[in-house]
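To start, the structure itself, in structure tokens.
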Amino acid sequence: MRKSQEFHVDSTRYLDELGKPLDDLPAQASDIERVVSAYRNMVLTRTFDAKAIALQRTGKCGTYPSVLGHEVIGTAIGQSLAPSDVFVPYYRDQAAHILRGVSLCELLLYWGGDERGSAWKHCPEDLPIAVPIATQCCHAVGVASAIRIRDEARAVVCCVGDGGTSKGDFLESINLAGAWHLPVVFVVINNQWAISTPRSVQSGADTLAQKAIGVGLPGHIVDGNDYFATIEALDTALERARGGKGGSIIEAVTYRLGDHTTADDATRYRTAEALKKAWEADGIKRLQNYLHQNGLWDANKEQALQAECKSTVDAAVEAYLATEPESPTAMLDYLFESVPASLQQQRERLAGKSDGGES
Amino acid sequence: MSSPEVRDVTLVEAVNMALAWEMGHDESVIVLGEDVATNGGVFRATVGLRDRFGYKRVLDTPLAETLIAGTAIGMATQGLKPVAEFQFMGFIYAGMEQIISHAARMRNRTRGRLHCPIVYRAPFGGGIHAPEHHSESTEALFAHIPGLRVVVPSSPQRAYGLLLAAIRNPDPVVFLEPKRIYRAVTHSVANNGEALPLDTCFTLREGDDVTLVTWGACVMETLQAADLLAEQGVSAEVIDVATVSPLDRETLLCSVAKTGRVVIVHEACRSGGVGAEIAASIAEGAFLDLQAPVVRVTGYDTIMPYYRNEQAYLPKVTDIVEAVEQVIAL
Amino acid sequence: MRKSQEFHVDSTRYLDELGKPLDDLPAQASDIERVVSAYRNMVLTRTFDAKAIALQRTGKCGTYPSVLGHEVIGTAIGQSLAPSDVFVPYYRDQAAHILRGVSLCELLLYWGGDERGSAWKHCPEDLPIAVPIATQCCHAVGVASAIRIRDEARAVVCCVGDGGTSKGDFLESINLAGAWHLPVVFVVINNQWAISTPRSVQSGADTLAQKAIGVGLPGHIVDGNDYFATIEALDTALERARGGKGGSIIEAVTYRLGDHTTADDATRYRTAEALKKAWEADGIKRLQNYLHQNGLWDANKEQALQAECKSTVDAAVEAYLATEPESPTAMLDYLFESVPASLQQQRERLAGKSDGGES
Amino acid sequence: MSSPEVRDVTLVEAVNMALAWEMGHDESVIVLGEDVATNGGVFRATVGLRDRFGYKRVLDTPLAETLIAGTAIGMATQGLKPVAEFQFMGFIYAGMEQIISHAARMRNRTRGRLHCPIVYRAPFGGGIHAPEHHSESTEALFAHIPGLRVVVPSSPQRAYGLLLAAIRNPDPVVFLEPKRIYRAVTHSVANNGEALPLDTCFTLREGDDVTLVTWGACVMETLQAADLLAEQGVSAEVIDVATVSPLDRETLLCSVAKTGRVVIVHEACRSGGVGAEIAASIAEGAFLDLQAPVVRVTGYDTIMPYYRNEQAYLPKVTDIVEAVEQVIAL
């Protein structure tokens, strides 16, 4: 006696690669102001990105992970999150951070080797950048548990890469989200690569969204270069989560248009053709086309925006470069709430050195 | 609520009392772990808490230690004070990345913006005829991690007071409960919500001839050894380190200044155990005071044997006495 | 534009609770000898189990996990594995071990606190009992990788409990099995409990088999108290694996009829009713009924089998109780291939003590 | 095949040469890890291996360290010799349960029936301006685990010879490569397949006045300090511990018997570092030889700062010289 149980995941896309609607657009398209400000954030993010890479190349910043190809997704996340929600990022979420209120200077400090880059003033509950892959997913379900314990109408967005979906932390966390009906939306940013490892090596499954099935969550795939598909999915998932209806997984499909980080050389493992093709699907250009086609944008506005972004970024760089390093004693001052007796001697030694000028 | 002074309390009951006290006085305290809720924990350390504090504050998790460690971190950043249980220390390792890379670092990483007032509890140590992986004492792994406190109680009263302190501490504490003495003795415990200090050794017995340094279940054998030694006319000071990291070197060095001789006793294997740090610190800090080398009485450098041979692994009273005789002879 | 992708898991069951076929039986039913010997192994396993519990109660064995309710699944696993295959157990697989050639004395030694209980003579490549939950899953994919690297027509069966499916080790391993097309069959033994934690707390998914979907493996559910459903699924999955067609996940649904271990008291967290109901689905009784109904078994045979099992178990217990403990020096002798110089002194100390008679 | 003597080889190239040699001579050697195949590793340690030895022997894994650690164990039980790479030591922690509970125990658990000839490689240590979590030196965590060897090369030739030894060793080895000196120097390396001994310190420089004990990248600063000290008329013996567990105490104690003074140098934070075990062992084993306390020059007891302040954390040549001056003064 054989019974069969069926499951599914849906995918959505609204715009073709040239920005032409393939279908009726979702409600989100009628909020013109929000759409335009999304576009503005994408351009700002890309401007920042290019500058950060340039700083690294000239020795003024450390290893930096380019956000090229992720701008649409991050922007949609930033827009869909309410201030009282909590964002749990990985390390390629610049677009979302900016909308959350992290300053460009803070971002530069972080990648420039200064812990103050995570002391975010404007989104104090957001989790900091997580470098160990997928570990942040556990924090996200922890935050969501706190929200549920206190019966609040808030939600959490947690980002993770395609590579990150292979790691236990992600897999255990989505399972908890399902088991405890937590208000958390996992956004799997499938940019096809984990450093040099292609998506196909990462998992034998056709899609990453289908991992949702195994934990009893809804799974949804969106074209991550399609602003409307992405923001609609996020708005829906977050509303659901805030309303106590549980979590979900959104696989946002895109392509990493840059090297993995400035320490990487992607030409070693991927073809110029694949990259060229991916650029054709670029979501910023696509949204720009859409705006043009609908009379919402023009060359003048574009020029003004570019100039504005450039000066915003330049100001941030200036502030960043003007920031003196912390005193070395900071390495002990923030370890615990107060410096334990046993560390006082080490702290004195450090303080002495930083006065003395040690080579 | 129970009256302040409770009689005949075992160490594990004291753990339960401290949890209940603090949950009753601080809404932000949450208990989570495998089998902690309905079942009250496999050692009954959390028994009754679900009934008293409800299903939202006492949480049975799926079977996933990485998740337990990491979920507590997320909760903590929201101002909760999670007390997360690992069912046995042998199953804590999957949680290490979360503990090392995040719990211990969140405050430093964010320059104080977020912090992790978490207690990670785990029963630890051998000697109870348990199956493989149920007898670990790898406190040294955590003691080497900056940003963590590692606390080990050795009596019901200290379990109560130190656990309260650990929960109230705004930073992460790995709280290791010596299960060999979970029910070895009963004491009266004042259930008054008073914490004991962290980062401080407890001098359990004063003496002049030798300093015995230990923690956890070995406190029992060490005190017994001190009794035997007293009969032989050797006056042993017994120090319970209690917080094995960060280490209260001052108390240790003061004692050595008096006695000039030290024997360290721990159950973990010798090489790289917490005893190594203590011995190194004393040998460096009390070089001129020492009349004899600092000797360690420890487990062997091997995997805890299954139970037929576990007694051969564990440090014994006679081992301690012998070691003292050796250092006294010098 | 919305697309939908469909997935499914199937469930099979052939016998009702009274051993009556609900459907045409699979080919496995015509191999009478195999069916009867399956039954014999189930009874031997249950006899052993009762004895081991009794030994523990009288202080002659350590904490022991009863196999009650798992006998059908373990027996089917033991039968479907070829000698050249590799079995990767968890800790409640007595029925399979017996068929693999692990002696009852070895099993008792293991639970009796003696490492020689894992020095299995007759299945030297099988992995030992794994206590840390789900960790064995990684070993299983490692063994399967070795098989694939060498292009051998062998396969691996890996067991894990319902609780174990929440742990990263299992989840990462099934993902690798899918990505690398490994010849490994995961058997999730869903006995509804992980100590006191019910299946519903373990995951929000309806079934555990659907975790297969997220990794691109076939997932299949069987009634784990139905010998025919279980052996058919295993034979099929193993044949597939040996033939280079990749792995799969079988969720074998049963009920833990005993306490978690002898250290547990299940009455604290589950009702007598639920247990009574579960006993009605007992797979041994069911197969016995089937055999009776088909003229393959009778009361005399049963009596003879019971006697035989008893004397086999008694002999094993005798051998176990007669086994002297190892010398304490064994704790250093097997740590490395040879005892390093740095440990010689410790070894001498141990050797001295074991002569001297330390208290 | 290349000629035996290869010139201008960096430490990371020596790692690559050893891997290539052994894969060429032993079919059972398998390389696995993240980005090790197509990309040749983020530090290029495995570059070219996929092309030479094929996709079945050089395997890109999914991003999962528990899996990497555990898959190697399964492979090893089948007679393969996996060399598993963790991309950085900061990402090894998710592998710890598998390494501690299984790789280190399989032989003992099965009484020799199965064993784990695995090498777990990881670049480790700070000083290269890397992001957070890319500068760990937590070798002490592994050195405390019975059943593991922990090996740290400090020159191209030792990287080559010790890695060959590690691969051939029938038990698990955690092989930590000091990435700060991955490309700091080039040496000629004899590519002749000859292994160096494990479990043995290397005396890099003989001396009479003080013994400097170190390993990994700090060997560089320690040798520089010895040069400076020589100018001051202080003759320093420099010992590269190389196998930090199990420890070759004999070589250390012999040296101390001669010099009577010891300074230990390591990058890891001080408390509970491998230096503690070495100091404790020397203080115990050479009590009467010691003219001065054993002093440790180490990282601070804190989290490795981000790179703007990492130099303030790292032990310096001047720190070593100062410490020697201090012990010599006694």
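The letters A, B, C and D name the chains in turn, as written, and every chain counts its residues from 1.
Everything below uses one rule, namely that a residue touches a chain if its C-beta (ideal position, glycine included) is under 8 Å from a C-beta of that chain, and two chains touch if they have at least 3 such contacts.
Bear in mind that the values here come from a model prediction, so they are computed numbers and not experimental data.
Enquirer: Could you compare the number of C-beta pairs in contact for B-C with that for C-D and name the larger?
Expert: Counting C-beta pairs in contact for B-C and C-D gives the edge to C-D.
Enquirer: By mean C-alpha position, what chain is farthest away from chain C?
Expert: A
Enquirer: I'd like the Å distance between the centres of chain B and chain C, where a centre is the mean of that chain's Cα atoms.
Expert: The computed centroid separation for chain B versus chain C comes out at 36 Å.
Enquirer: Using mean CA coordinates as chain centres, what's the gap between chain B and chain D in Å?
Expert: Inter-chain centre distance comes to 31 Å.
Enquirer: Find the geometric centre of each of chain A and chain B from their Cα atoms only, then give the gap between the two centres in Å, rounded to an integer.
Expert: Chain A and chain B have C-alpha centres separated by 40 Å.
Enquirer: Could you check chain B for residues that touch two or more other chains and list them?
Expert: Answer for chain B, listing residues that touch two or more other chains: 62, 64-67, 90-91, 93-94, 97, 101, 108-109, 132-133, 146-147, 246-247, 271, 301-303.
Enquirer: For chain C, what residues touch not just one other chain but two or more?
Expert: If we look for residues of chain C contacting two or more partner chains, we find 115, 132, 166-169, 172, 175, 179, 201-203, 330-331, 335, 342-343.
Enquirer: Under the touch definition given earlier, write down the residues of chain C that touch chain B in their complex.
Expert: My answer: residues 62-63, 111-115, 131-134, 163-164, 166-169, 194-197, 201-203, 263-264, 268-269, 325-326, 328, 330-332, 335, 342-343, 346, 350, 353-354, 358-359.
Enquirer: With touch defined as at the start, can you tell me which chain A residues reach chain B in the complex?
Expert: Going through chain A, the ones touching chain B are 86, 88, 115-116, 118-120, 124-125, 127-128, 130, 132, 135, 137-149, 168-169, 172-173, 175-176, 179, 330-331, 334-337, 340-343.
Enquirer: Using the touch definition from the top, list the residues of chain A that touch chain C in their complex.
Expert: Against chain C, the touching part of chain A is residues 1-14, 22-23, 166-169, 171-172, 175, 177-181, 201-207, 210-217.
Enquirer: Residues of chain B touching chain A in their complex?
Expert: Touch residues, chain B against chain A: 30, 56-57, 59, 61-62, 64, 66-67, 69-80, 82, 94, 97-98, 101-102, 106-115, 146-147, 169-171, 199, 246-250.
Enquirer: Contact residues on chain B for chain C in the complex?
Expert: By the definition above, chain B touches chain C via 34-35, 38-40, 42, 60, 62-67, 90-91, 93-94, 129-134, 270-271, 300-303, 305-310, 312-313, 316, 318.
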